[in-house]
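Chain IDs A, B and C follow the sequence of writing; residue 1 opens each chain.
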Amino acid sequence: MKNPYIAHPAIITNIRQETAETKTYTLEFTKQKRGLVFIPGQFNMISLLGFGEGPFSITSSPLRKEIFEHTIRLVGSLTGQINRLNVGDIVGIRGPYGSGWPVGLAKNKDLLIIAGGVGLAPLRGLIDMAIEQRNGFGEVEIMYGSRKPENLIFTSDYDNWRSAPNIRLFLTVDEVPKGIEWPYGQGVVTNLLKFSKINPANALAFICGPEIMMRFIVRSLLIREFAEKNIFVSMERRMECGMAKCGRCMIGPKYVCTDGPVFSYPEVKALPHNLLAASL
Amino acid sequence: MKSKIKALKLENLNILIEAVSQKYRAYGPVAKDGEHAFKVIDPESKLYLGCAATMLPAKYILQPVWQDLYSFKLGNGFQIEEPRLDEKLAVFGISPCDVNALLALDRVFGGKFADPYYWKRRENTLIVAANCTEVSKESFCTSWDTGPELYSNYDLLITELSDGYILEVGSAKGENVVAQLSLAEATQDDLNEKTARLDSARANTEKKLPVAPDNLHQFFRERFNHPAWVPNSDACFSCGNCTIVCPTCYCFDIRDEIMPSRNAGVRRSEWDSCQLLEFAEVGFRANFRRPRIDRFKHRTIHKLSWMKQQYGLTGCVGCGRCVRWCPSWPERRGRVTSLADPVEIIADLMEPLEKYKGVEIPVREAA
Amino acid sequence: MSVNLSVTLAGIKLKNPVMPASGTFGAGREFSEFFDVGRLGAIVAKTVTLKPREGNMPPRICETTSGMLNSIGLQNEGLEYFLKHDLPYMRKFKIPIIVNIAGNTLEEYAQICRDLKGIEGVSAIELNISCPNIKAGGIAFGASSRLAEQVTAAARYNTDLPLIVKLTPNVYNISKIARAVVSAGADAVSLINTLVGMSIDINTFKPQLANYTGGLSGPAIKPVAVRMVWEVAQTVNVPIIGIGGIMTAEDAIEFFLAGATAVAIGTANFINPTAMIDIINGIERFLSERGLTDIRQLVGKVRL
């Protein structure tokens, strides 16, 4: 019987600093030729043996065959150790786990991608995929915000995204420090929705960010006549195993690690705790 | 479903323990510190086959409290060494409710990411179950049809009689054990006595679920924000006893331990509990189940409804251990039973809302 | 059989697809002596900046073969004057008014957009991004996709009006610039602005313009403009206003076929004040002669 607890070694081949406390790591498996086969939105369990393991979204496009990437923010002890790693270090990888964004449903549809803070991470692979397979998707609108300009992630990718046809990228921050030139928006991400030009009848919305942000976004989308079944969110919970065994990540009867982390809005509505209750 | 294998008559258990001990390391419920626990037994041991007698259910033999998942060496990456798990174990005197709990755990640890540690032990373990000839006042297995009688999923099954035991064989592994013992077949009188005892145990079961199991899903959905949850969870200590003694609880933590040399270590799993505050805590100290009422609801509804939805088998087998081991001193709070009692929780949720007038339902804070 | 010339551009309904190019029409005062300005699809005002500008020293225009050079330097009375005097005048024509704006910093663009909020009669804002960006060392905003994107954003987040971005052809890859401004939220693009050119008087040995170089417009640039409209139409799906050397209806038709939804007429106005009216009539005649009933049957219909 295969042992699914065993981590596979992968070497860091590149590190890109996104913000003061967030980095993107490029990884390659050391013991197998092929890279990771996954859908954007899925995650790996990354192990630092002797230290611990944690769930992290895969942030590269699945079309990049040999490598895969993770974007990790320093928040606690495990991520603190990861933040100290260098190119050439080896980590353990288990995965991919979870449900990804429903790319099959998105064919030829317009995509409305909305993210806050580090929530853009699980969506980056989807954006890069939509740009590389430009003909497979309709118009793409990306609405993204963070606390300050220095907290925005993937800024070195924006020009690449903007240079693809019919992609719109809208940015907003909560506050702009003195002396910084900021021609974009100021305020919550929900404010950016007024720039959306796509037709909700032929579009899917993909949302990831703090739960309170997602709640207001869903509410605004429903007012704009987005169908509930066309709204997808990525939820987050504490995970230890990633395989529906350790019991931590449950919301009601659903395991976020296997039934999610991507859920459709109707699925979230059926969960207890009224998580994203968007009463109109 | 009754087993079709014929029933044998056993004079005393020691013969059986002896036969089993030849090939297996046998565990059985024996007296310990005024209570009972599963310990390694020998033919001299005195087994106690009462209803849900042991504090810890037999599952802790299959999913140990601490187990090494693998050891590793660091340096130029890492090398992993998995442990060998080929010891043959036997568990004597496991009650029907606990066997049904194992069936649920089989589904938890099976599926797409089957847990090899659980399965290596499960495949190598001989199940010598024991029907319960009396049901304690805390148990309500009859409401789930998980006891007092076991119909299948055993290797050997014992039922105590006035003058010995009926021994039924349920698998080839069980057959191998009894082959060497020349046992007589049970008589019709013996079988009648077995039926009479089990019927009597069923009839004398005091505790019953007030709601049929199939209706529990709707029941909890409708009452998720019922005020009755508030006084119940307020009085709870979140000590986690209920989850330790529950035969279907499986939640665990994975921890790494590194040697002082810093170039080797071990990755372990250890039991954990959803009742503990830190269980759902993440970086930045956000906690997805910080309020106690959330944790209290989670255990209750997971056991009584959600596990059935997730795995197709009930998460509560009515063993009554949580009722018995919850330290909530029912007498001091003027209650008839402890806080963890599922039957009482359901009964409280069926009370009219007027009874809870003035109870403030806490507004859920964001994580 | 009636012919429909009306088009919708970035949400604005125009009764025909013909308008003046910014800077060649003033506020329409001079031309209203020659024809009813209300017959145009829209009116596009001279570029307005936050503060008044004197423009460059004369000579500021000169004729070239099949065209002209200009280095006026965005002379205008400033926004306050515009709002007080020019805008009320233009409102009389009762056609959509497109206000063309320019600045030297991102903040200036943002400020003008904020000042235009709620002003009656303004149907859209057109961004002139051919100006140099002082903070970027004088490179024109429109010369790099990054700056073009930023200046579009500066306007986008400060106005709810339809936003048209006027592209300069003095770049290596105009399609990339077009995609960049669309990514920042432009509702339409207009192209092309003038090409940088020079004319030297061989008798005096001096440049004809005091500013040395100027912007070339007129029939000489039409093929470049048609090519750029066609390229941009392949790569963005926002409406395009085609500009560049349109003298006659036949010239305009080329732009429609290349992918423009509307056209703007500039240099022609200096030669023939009623050029735009002639062009409107000529387009109608072109369609009906071919049995076509709608201008949209031409847009983007070049056969490759």
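FYI, a residue touches a chain if its C-beta (ideal position, glycine included) is under 8 Å from a C-beta of that chain, and two chains touch if they have at least 3 such contacts.
The structure presented is a predicted model; accordingly, all values stated were derived computationally and were not measured.
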### Connected chain clusters in the absence of chain A
B | C
### Message
Just to be sure I understand: the centre of a chain is the mean of its C-alpha atoms, right? Then which chain's centre is nearest the mean of all of them?
### Response
A
### Task
Indicate the whole-number Å distance between the mean C-alpha point of chain A and the mean C-alpha point of chain C.
41
### Summary
Note: chain C sits from chain B at a C-alpha centroid distance in Å of 78
### Query
Where on chain C is chain A touching in the complex?
106-107, 110, 135, 145-146, 149-151, 153-154, 156-157, 160, 176, 179-180, 182-185, 235-237
### Message
With touch defined as at the start, can you tell me which chain B residues reach chain A in the complex?
### Response
69-70, 72, 74, 76-78, 80, 82, 108-109, 111-117, 119-120, 224, 250-258, 262, 265, 267, 269, 272, 274, 279-284, 288, 294, 297-298, 301-302, 305-307, 309-310, 364, 366-367
### Task
Spell out the part of chain A that touches chain C in their complex, as residue ranges.
139, 159, 161-171, 181, 183-186, 194-195
### Contact footprint of chain B on chain A as seen in their complex
1-7, 9, 11, 30, 49-53, 75-76, 79, 90, 92, 211-212, 236-238, 240-241, 243-248, 250-253, 255, 258, 272-274
